[in-house]
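Next come the structures, one after another.
After this come two complexes, each holding chain A, first together with chain B and then together with chain C.
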Partner chain A sequence: MQIVKSTVVRSFLLLVLMALLAFLFSLQFGTSYFGPIEVINGLIFSDSGIDRTIIWEIRFPRSLSAALVGAGLGLAGAMLQVTTRNPLADPAILGISALAGLALALVVVIFPLANSYVRGMACIAGGVAGGGLILILSRGFVSPLRITIVGVAVGAFASACIIGLITGSRVVLDLALGFLAGGLYGSGWEDAFWWIVFLPLMCIGIISLANRLDNLALGDEIAINLGENPDRTRAAAVLFSGLMTGIAVSISGLVSFVGLASPHIARAIVGRGSLNLFTGSILVGSIIMLVADTVARVVISPSELPAGILTAFVGAPILIYLVRSKLS
Partner chain B sequence: MIKEYELKSLSLRGNSLFLLVISAGIGLTLILSACGSDSLDSDAAVEEAAVATTQQVANATATATTATSSPTESTVTDAYYPKTVEDLLDREVTIAASPERIVALSPSALEYLYALGGVAVGRPSSARYPEAAMSVESVGTSYAPNFESILGLNPDLIIADSIIQAQPRFLEQFKGLPTPVFLAGAGSYSDVLTALERLGMVLNRNDEAQAEITRIQTSMEAAKSVLPPGTSAIVLIADRDNTFYAAKNTSFVGDVMDNLGVVNPASDLPDAGPFPGFSTASIEILLAWNPDFIFTITPAPEPAPRLSTLLPSIPPMRGLSAVQSGSILELPLEIALQASGPRVDQLVKLIAESLAQ
Partner chain C sequence: MKTIPVIACNNLILGYKDKVVIDSVDLEVSSGEFVALLGPNASGKSTLLRGLSGIRAIDAGELSFSGQESSLITPRELAKRVAFLPQSPPTDLDLTVRELVSRGRSPYLSRFTVTDSETTKYEVDRAIKSVGVESLAERPLGSLSGGEAQRAWIAFALVKKPQILMLDEPTSHLDIMYQRDLMRLLRELCGDGLAVIVVLHDISLALAHCDRVIGLDQGKIMFDGDVRNGIEPSLRALSEIFKMNLVSLPSSAGTTLVAPDWNNPED
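Then we have the complex of A and B:
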């Protein structure tokens, strides 16, 4: 209860601090341990030898990618939950992740030698197409409930297609385990560079949609009187979630739980207003993903667990604790 | 609910400020990373450092050789490197000096190295042979090598697998490493011979390479001589659902059989199924082929039952003459599938002797 009662300022600072600490820990831990000073040296000075290569070429881009995946999924989940007024909505349940994954699988089958930029663009296109498909199929009356039902159906269909492709095509099988379980193995600068595009996109999305979605929460009639276009706002939110989901899937495959849990955890810390919620979800999602990835790399070193399944290990206890403490 | 909304609108300005603060924080991180040097510059810087290191190693090696061996030997060693060799993906790889610390990323790569008399400082966790390599540090699986472990061993040569690690996602990662990466795998019989020859050039062990190649070719000729011509055989693998896959000649074991002159009715099958080089084979088609001999491979570890013992217990399979006459043999998983490579002579001998009976 203490967390819920503190001011928004303190809560945000706490979240930012936790995110920075999670980022630092992800740089410190791995096959070899680096102290904080060594990490800073490795980041700044380019002549520290092997340490520099490990930190700069392997861990730093990987941590940036993990943060981007967590941020994207957290934001997508938060927007979808607010838009569909369904606290169990997330990109995976609504089929947007599955469609992004299907786009990736198709590209890999048709162009096995496609480089990571092509794969990234395919996933983004798939994610946006997923959002678009859901909107088209629920056209006429874009109600929260209809979006949810259509999303579940689309997701089931796309997941079946992915399994079919994996069963039939030897090329996709190479990707299969890492992709289906979700993980950051092999992510590098070509994934981390997407921050340059997506940080401004996230800011634009939050600033333009947060207030509008808050107005929608009052009900469509009141929202229209306030000058909103409910259908268009919901459509924009779903498409934007598709965009965020697309980049997350392209980097890490089908990660579970982050989109679902981040908004709830964020809400408990920074409150229910959309602006706070979206920003908080970005931070919470990044923290979950960074911690999960660090644990994934360390637990059975030198082998790795898929981080996508560890997100549930990391996030579920937090969520359960918050739910219980809110009800008490 | 309306009260909450009013309260929220009052704190909007404060929240926008914090949004900006957070963006600035992340932006600062990016600027820091850009100033540190962007990835292109860091690649160049790392390469320069690597070249400097390898030149130091080369100088040290040259000095050591001059100090410890006869003058003629040291001249040969000095003149051999730097050497540029094409790997099995036709990439030109330049080795600056005699490799001292070699990491192998697949069982095939490891066996090539040891067959030529080299030693590794890093091996894949799935390798089981040779014994001398088992004490070497593991760097993760062949399908997911751990690059931190690899770099932590400070290697001057990495031997990767041209079959398992040929996809863009591996090649992209290899490009970011300061160490030369040589891809050598075993997808076919001729791959083994080519890999031994080229790795021999990389390691300056050309005599050992030639000896290995001759040994393998001799065993192939000996095997062909005992084989009755026109024998037909298939190699079967089953997945968890007991779907059978037969080896085509594009698989390693299929290619070995093809080189031996064994007739493989599965070679005409279209590519189907998720396993490279193997194609789905229904029981009807197995009955239509009715091969003289059936080889089986069971990827699942003990105590899972071997496919060779399961086959006769499937009623329709009893219609096959090979099952009736007991002409079924379980091929050792390592030499037939997982660790294809220099031990191909054992595989060849096994296949030939089974078919000769």
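Then we have the complex of A and C:
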């Protein structure tokens, strides 16, 4: 047991180290390059001139936002996969991201002057409603196949509505491309401040749900006999995933595959149990988003790609690989 | 003085939508009793067991545990008192036997507990020992044979220190030696004061090991008798319930064995 535990601790330390490195690189690379010392100076000393502006005002909040998007999507994906017992569950595939996006598009069309916090709240409401809708339409998550089909249908419907709104409204058109492809272009401190909401919610969600979801894995009847309420736990987990997804979508738009891939990678690194899986998925999701955003900024510099395109490029083969390995 | 039964139900009704599955059942089970629920397919045995264990809500009637009304007991408190195992508990879980048994302590633990306390460790060791799977404790559940996995699950059920253990057809996937060992294990547990209620298909196994058999047919209790003072009344009642003649045979231990009269031309 001791050996197992120390291996898990080492795996987590490795993930934390990788996340910190990914964060540092994201501050260093961009249109202009900074060495590690310059980055630290830029973070600490407010009189370091243009470096300070680039690092503290632009890159640092953007990297915080990227890490937040990855963490939110990774956690939402992990929780959906555990709850639905479906290795292909993910906020994008289950249509939850699209519903959060639809809520955002509606708010922007109806209230063009709404600030970023109102938009954020709309996304969160959309994400939670999306989770609730999938829960109701799939009649309580009993059949993984039904959930997936319902999710795909809801997602397609919501995406069609978003496209409809975009083509029908000039206001939304400005936001549209970056939003649909998913990315962090223009993310600043107002996005990074979502960490203040996200961090405590994340801790509460993980602590109150991990143990319950582990008990549910033994089967509903056995879980009830451990004092659990399976339906309520599943509902809470799905609504919570919707909340996490909503925060992520409000910052980055529709980033795909991070929610799908992060839990699979985390499972391979940190092993069993929901607590490990959730924490691991948060770290892996953050690393993926930080790397994707950094590469997106560098690859066609001084212009940039939406990070969502990169996650899809890497994520699509992972999905195909997963489907193949599940079939064989 | 009459002792308070660990579980008692009165006029219990269980059903699905418009269909009544368990119809006005009265039942009392005391501490240390070893009770078999018998009956043909669809007689309501499994439904009754789920109703009694709190796995499913009761539709009408009264259900009490040690004299306390079931609706007044919280789910976690009930979980500590009653252990239930379905017919085929999953074996494809990514857990070792010790990890599985530790999960069984959940009703006693706070949601914020990450590491096992000394009490948990002690109780887990005790449960593992009580079913004789010490040597398998660190093995993955998936690597065990059917009989071994069954024992691991019983340790999981016992680690809660329940007053009642309810098992739904625990012998259905076991070969005869494991069936006998399991029934002996359950008998031993009854000796320690645990009440055991077990749904069985095998009448012979039930009459050879249990103290009491309850015959169900179409959701009603048709027979409820102590078999320690002779099995003849049970035999007659069960022959009627199963619509098949049952015969008794002498056994090596001087007790009587029961077998269906497979080739009876009158049936």
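Methods note: the second predicted complex is superposed on the first by the 293 of 328 C-alpha atoms of A that agree within 3 Å, B and C clash if a C-alpha of one lies under 4 Å from a C-alpha of the other, contacts with A are read in each partner's own complex, and residues count from 1 in each chain.
Throughout what follows, a contact is a pair of C-beta atoms (placed from the backbone, for glycine too) under 8 Å apart; a residue touches a chain by one contact, two chains touch by 3 or more.
Not measured: the values here are computed from a predicted model.
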- Task: Using the touch definition from the top, say if A:304 reaches chain B (first), chain C (second), both or neither.
- Result: first
- Message: Contacts for A:9 in the overlay, against chain B (first) and chain C (second): which applies, first, second, both or neither?
- Response: first
- State whether A:203 touches chain B only (first), chain C only (second), both chains, or neither. first
- Query: Which partner does A:212 reach: the first (chain B), the second (chain C), both, or neither?
  - Reply: second
- Message: Between chain B and chain C, whom does A:186 touch in the aligned arrangement: first, second, both, or neither?
- Response: first
- Query: Of the partners chain B and chain C, which touch A:225 in the superposed model: first, second, both, neither?
  - Reply: second
- Residue overlap on chain A between the chain B interface and the chain C interface 207, 211, 214, 218, 272, 275
- Note on the structure: Per the touch rule above, chain A residues touching chain C in the complex are 207-208, 211-212, 214-215, 217-219, 221-222, 224-229, 272, 275
- Query: Which part of chain C faces chain A closely enough to touch in the complex?
  - Reply: 50, 53-55, 74-80, 82-86, 89-90, 93-95, 103-104, 106-107, 109, 111-114
- chain A residues touching chain B - in the complex, by the definition given at the top: 8-9, 12, 16, 20, 30-32, 43-44, 46-47, 49-50, 52-54, 56-61, 64, 112-116, 166-170, 173-174, 178, 185-186, 188-190, 193, 195-196, 199, 203, 206-207, 211, 214, 218, 271-273, 275-276, 279, 282-283, 297, 301-304
- chain B residues touching chain A in their complex are 1, 4-5, 8, 11-12, 14-16, 18-19, 21-23, 25-27, 30, 32-33, 36-37, 39, 41-42, 45-46, 49, 125, 138-141, 144, 146-149, 151-152, 154, 167-170, 172-173, 176-178, 271-276
